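Naming follows writing order (A, B, C and D), and every chain is counted from residue 1.
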Amino acid sequence: MKVTLEVKPRRKPYLPIEAEGIMPRTFFEGADGLTVYRGNKELALEEIFSVAIEGEAASVDEVAIEILGDSSRIKRIGEYMDGGRIHIAGDIGMHCGNFMSAGEIVIDGNADAWLGREMRGGAIRCHGNAGDYCGAGYRGEKRGMRGGTVEVLGDAGDFAAETLAGGTVIIHGNAGDLAGVDMKDGVLTIMGETWRACANMSGGTCYVHGTVHDMIPTFRNVGRETVGGEVFTRFAGDIANRGKGTLFIRNYKYMD
Amino acid sequence: MKHYDVVCPFCGCLCDDLEITVENNRIIGVDNGCTLGNAKFMGKERLSSPIRRNGDGWETISYEEAVGYTVDMLLEADRPLLYGWSGTHGEAQCTGVHMCELVGGIIDSTTSVCHGPSILAIQEVGHPGCTLGRVKNRADVVIYWGCNPLEAHPRHMSRYTTYADGYFLDNAFRERKVIVVDVRKTETARVADEFVRIKPGGDYAVLSALRAIVRGKGDMVPASVAGVSRSQLERMVAMCKDAKFGAVFFGLGLTMTKGKYKNIRNAIELVDELSRHTKFTITPMRGHWNVYGSNEVFTWMTGYPYAIDFCRGIAFYNPGETSAIDILARKECDACLIVGSDPGAHFPRGCAEHLADIPVVVIDPVPTMTTAFANVQIPVAVSGIDAEGTAYRMDGVPIRVKKVIEPTLPSDSEVLGDIFARMKEATGYD
Amino acid sequence: MFILNTGRTITQGRHVEHKFHQGYAEVASTCFIHPFDLMDLDMEEGEHVEVASAWGSVVLKTESCEDLPRGTIFVPLGPFANHIIPPRTHSTGMPDFKNIPVELTFTERERPTQWDLMEQLGGKRYETL
Amino acid sequence: MTELLIRNACVIDPINDICGEIMDIAVRDGKIVESVGSGAEVIDANGNLTMPGGVESHTHICGTKVNFGRYMSPEDMRAGRTARRGHMHATSGYSVPTTYGTSYRYSAMGYTTALEGAMAPLEARHTHEEFAYTPLQDMMANTLFDGNWPVMQAIHEGDHKRVAAIVGWTLAAVKGFAIKLTNPGGTEAWGWGKDVSSIRDPVPHFEVTPAEIISAMIEANEMLNLPHSVHLHCNCLGKPGNYETTLETFDLVPNAHDKRQSLYATHVQFHAYGGSSWRDICSRSEEICRSINSKPQIVMDMGQVMFGKTTTMTADGPMEFNLYRLYHNKWSNHDVELETGSGIIPVHYSRKNLVNSIMWAIGLELALLTDNPWQCILATDNPNGAPFVKYPEIIALLMSKRYRNEVFATVHPGTEHNVPLAALDRELTWNDIAIMTRAAPAKALGLVDVGKGHLGEGADADIAIYPIDITTTDPANAPQDVIRAFAQTDYTIKRGRVVCCRGTCTVDGENTTIWVKPQISENHSMEDDPEFNLNFDRYYTVRKRNYPVQEEYLHRNLCIETEAKL
């Protein structure tokens, strides 16, 4: 089954649309009467999107959703997704792939904040940049993302992989301030540079192939180590906490 | 006529020992107050009736019209923002929450531009705190971090810390050690026993280093951290561990700088660590007199302290998304009600620009910078001067602010109550 | 490049309930700067400076202050500082009111009034009826 | 005049010795009456179980500490969100719901009266504000005196009349209901990061022992003629081996009142541990109940623990810090000057955990081993042992040996060697449950005379009709039916109005705050006591004049004036 949703122009283009119903299972089970919200107004899906559905699906994994047009203010696409595929041709709004447990989301453009928040499984691939809190957690919750993969081909904003507790986050560009802050488990890889990586980490592993600026002063330098042909400095930390994480860095600079 | 033990509605200290002299229903004297409180009590420039922006100018309108405009504005909006609330009493804040719930809007207080980050941190690691009297009677080490009480909370040190009498201290002023941590040498830093100057943006690193030293891992800390020598950090830790009762107060220097709430989290975790050695507490220096009240009210009514989005009927909370600055900067609301607050002056320009594009109603006794963006402004009595109600001090102690003169205008609760009643009527909610 | 910090001061606090007064504008449009930095800029205390961030610029009056570290300036919180403060919060809800990179240039231009600033943003000044 | 007639009710009303009688209940203007006219509104109870509205004698639902539990727990909030609907406001939260959430859920379970377990006098105004937003239960507040300086000073001086005078003044000033002692002396020691280790361990600086505080307060309570007794959270909560402290404490208690107990010991499950560490902790419920069974002057509540996530919150600051060191989860603490402390941490009681499993068993044992159900009230110290929404499950566990065995089979296998539960065959009756959830709490609180906890003529028409026919249901073999019935009433009636119908609240509601005002002779009044006033203004950070809770906070209220022997 192929579902094509094209965003129509709106009179108030900046007001966010909340569309947590847009995920493969909804269409697999029959999306008649599906609504989305513009602020406090509940609207039929068709008021916001031109909808085309072709073919049938025998399982949720056979559903592919294609999102076209300006979707940069559409929030919560793929929330609780548990199979199938979503392809977003442009940019996507906040909370894309929240709590998702299976399936795949591909974003050709940029993703706004909280991409893959508290994700459990599946894969998200963002070809542009990701906003703040990419692969991060919910306010007050000790454990953030717990499984699956988030891959960002561009840059990520601040607090990427905050409270990471499982799964893999890969940022091919730079990651902003406090990437991997309070992480507990899982793997974070940053190909570019970043700031204050893995502050207060208590577990998990992080690789930074570029430079860490304003390196946190409470990591213990364990020595040089070669990983995949690249030479890293290996740190254990954060000793301000209980020092159970591992941080591999190519270059680093303290704020002294 | 003299009123004793009047509560000052200026800052989060809520000093309750002011003496106000009133003649002919005008305040002619304020005793015991600080310069900030005095200026508020003696202020005179209030609006006397609602005003409406009218093409290129302003016109006065009736309360009836002003309330009607507000009701229509809120009911028509898809995503109204109800902002402010720290400058009013709890009873009005309660009505605000009910209104927001009814229209499906977003309610946020000035918390999001003062100690919102502190709340986010508390939600991650909790908050070892106490009432201010616990500090006053016991503390022998007081740390002011990223705050400048002598200018922002002028009586804090004399009522609650350095200069206050304490039950367990013979000579409180001599026995208490004061440590000030800041990026600049403030007025408060001048009276400190130890001034720790940090490079801007370096607070987090310094807090981490302190935690490591408290944990006995000081040898791994570099010789200098964000402009502070390791030896000074070690001295500071020694003072803290030797304390019988240590009290940390922190301000916007920690909440507004790089890393935001993660700074506060680190400070709280430092206090947790110190609590394993001696008694330690931490308290945010709340700014507006009743900003903490807005958090308390919002919490018991909605479950969350600020930045609550009711657009979907249930309460949704995500500062960074549902907080006023973000909503305005991203142009995500289509109407705004502002109660007792001045985002025109205190928000970054990008936010004010959106206010110019949408209908705005301001409820405030005086013209403010936000008046410039108002379609309608409704003046009210000033809580704590000519209206009374509940306020919460920075440490959570609830105090009833009083009325020292007879009001000539309705209070916030009356105006909001009116608006809410009309909204209920219009929506058929009984 | 300088680092801009904003914050409360007691004079700002005293005027905060009377924002349309000249006194408030005076206080809120002050740029505190280390005297050596002033010298480096070849300026005298009291002269005007245009402070520009990536988000805008505003004309302020300099006041020398030895308590500041060199390379940093301090502007009391208010509409003048906010004219150049970025509206982004890093998704935390709190804007960067501190630690903002800015450039300083001497100017002979007058400081705007607080109402001028509001009108630049699309507001409308209020004069007592 | 409004009238209501409930027909065909199968009534259990232990205070009036009615047990399962099919009868009609007549209500006029909010009170139970003999009969009503033919125009009365009629509700057909269809022979279903009908009891007085539930009375909660120990719960944490309003005030500074509770609200801080909400404030710090957005992750708890998202667990129980509902939108505004009809007369119901939006709600959030599971273990610490919003005030509306709490009120609606208690109402759905048939509860119409509740005692907030701990209110710091300095922060009383906050508790009263939240009472106003808990509209479907009449509310009252235990008032904390465990670390009260003037009280400890008066005890040290041996002046027990002064103790009573200070307590009386404070209760009336803060519109409190009863004396609460939480880890007496320990909360003051916590001001220095310390605790007291037994009831004979003196409080630093003040040189009084917990035992002296408890005894003096029992004496003061009776001098003031308060409706409720002293309400005690014993020292050493949650510590292995603490049952000895509990027994020693029970031995202090005189039989000082003819109509009710002289001590209410709360959440005794947390105080009934043997062993010397977490490794050898075991149940001492038998010793505790032996003591209770021989002391009619003591009433306790269970403090039952149920498995799952919850939030612990208590005025016992040092205990919460110990929990924090155990769990390393978030920790909040809030000491209150001159009065008390408090702490909060989230916990997850796991059936895979031996200690948690033992705790679960002990609570049930207390109820099953207490001969007289009037002496053991059903409560979880909400939300400390579990959120109150677990009550129906607890009822089923107490009524069904089979259900207990089923659950016992799922807990940590080491449990049975450390607790006597498996050997207890007792199954509580419908009447026992009615006693433990309404009649006994009402009696223990001293509220029977003001019309709570029974359905006699003149009583408040607070009535719960549960969808279950007790003549055909065998609770021992149908635990799920019991759980379903107690989870949601068909009708909850408050002051003669249906306030909740099958889980939907049907009115905005307006509750009554019940508080006490002891009449104290002028020469014992603290109003103008120079020493009291001087120290007050010197050491508190709030002026004495601003301390009392103003009448504005009371709304509808019932003031119980007592004649103090002072």
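The rule is short, and it goes like this: a contact is a pair of C-beta atoms (placed from the backbone, for glycine too) under 8 Å apart; a residue touches a chain by one contact, two chains touch by 3 or more.
Because the structure is predicted, anything quoted here is derived from the model rather than measured.
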Centroid-based (C-alpha) most distant chain relative to chain C: D
Centre-to-centre distance between chain D and chain B (centres being mean Cα positions), rounded to whole Å: 34
Mean-CA-position distance for chain D and chain A (Å): 45
Centroid distance [mean C-alpha coordinates] between chain C and chain B, Å: 22
For chain A, residues that touch 2 or more chains besides their own: 113-114, 132-133, 139-140, 142, 177
Chain B residues counted as touching two or more neighbouring chains: 120, 123-124, 199, 201, 258, 310, 312, 317, 319-321
Where chain D touches two or more other chains at once, by residue number: 72-74, 78, 330
Pairwise chain contacts, counting only pairs that touch as defined: A-B, A-C, A-D, B-C, B-D
Footprint of chain A on chain B - complex, ascending: 77-79, 103-105, 120, 123-124, 199, 201-202, 204-205, 207-209, 211-212, 215, 217, 220-227, 258-259, 262, 265-266, 269, 310-312, 317-321, 330-334
Contact footprint of chain C on chain B as seen in their complex: 10, 35-36, 39-40, 43, 45, 51, 53, 56-60, 112-113, 116-117, 120, 148, 150-152, 154, 183-187, 189, 197, 199-201, 252-253, 255-258, 260-261, 287, 307, 319-321, 323-326, 328-329, 342, 344-353, 355-357, 366-369, 371-373
Partner chain D, residues of chain A touching it in the complex: 138-142
Touch list for chain A against partner chain C, complex: 113-114, 131-133, 157-159, 176-177
Touching residues (chain side chain B, partner chain D) in the complex: 4-5, 7, 16-17, 90, 94, 98, 101-102, 119, 122-134, 136-138, 159-160, 165, 167-168, 244-245, 272, 275-276, 278-281, 295-297, 299-305, 310, 312-315, 317, 390, 392, 396-400
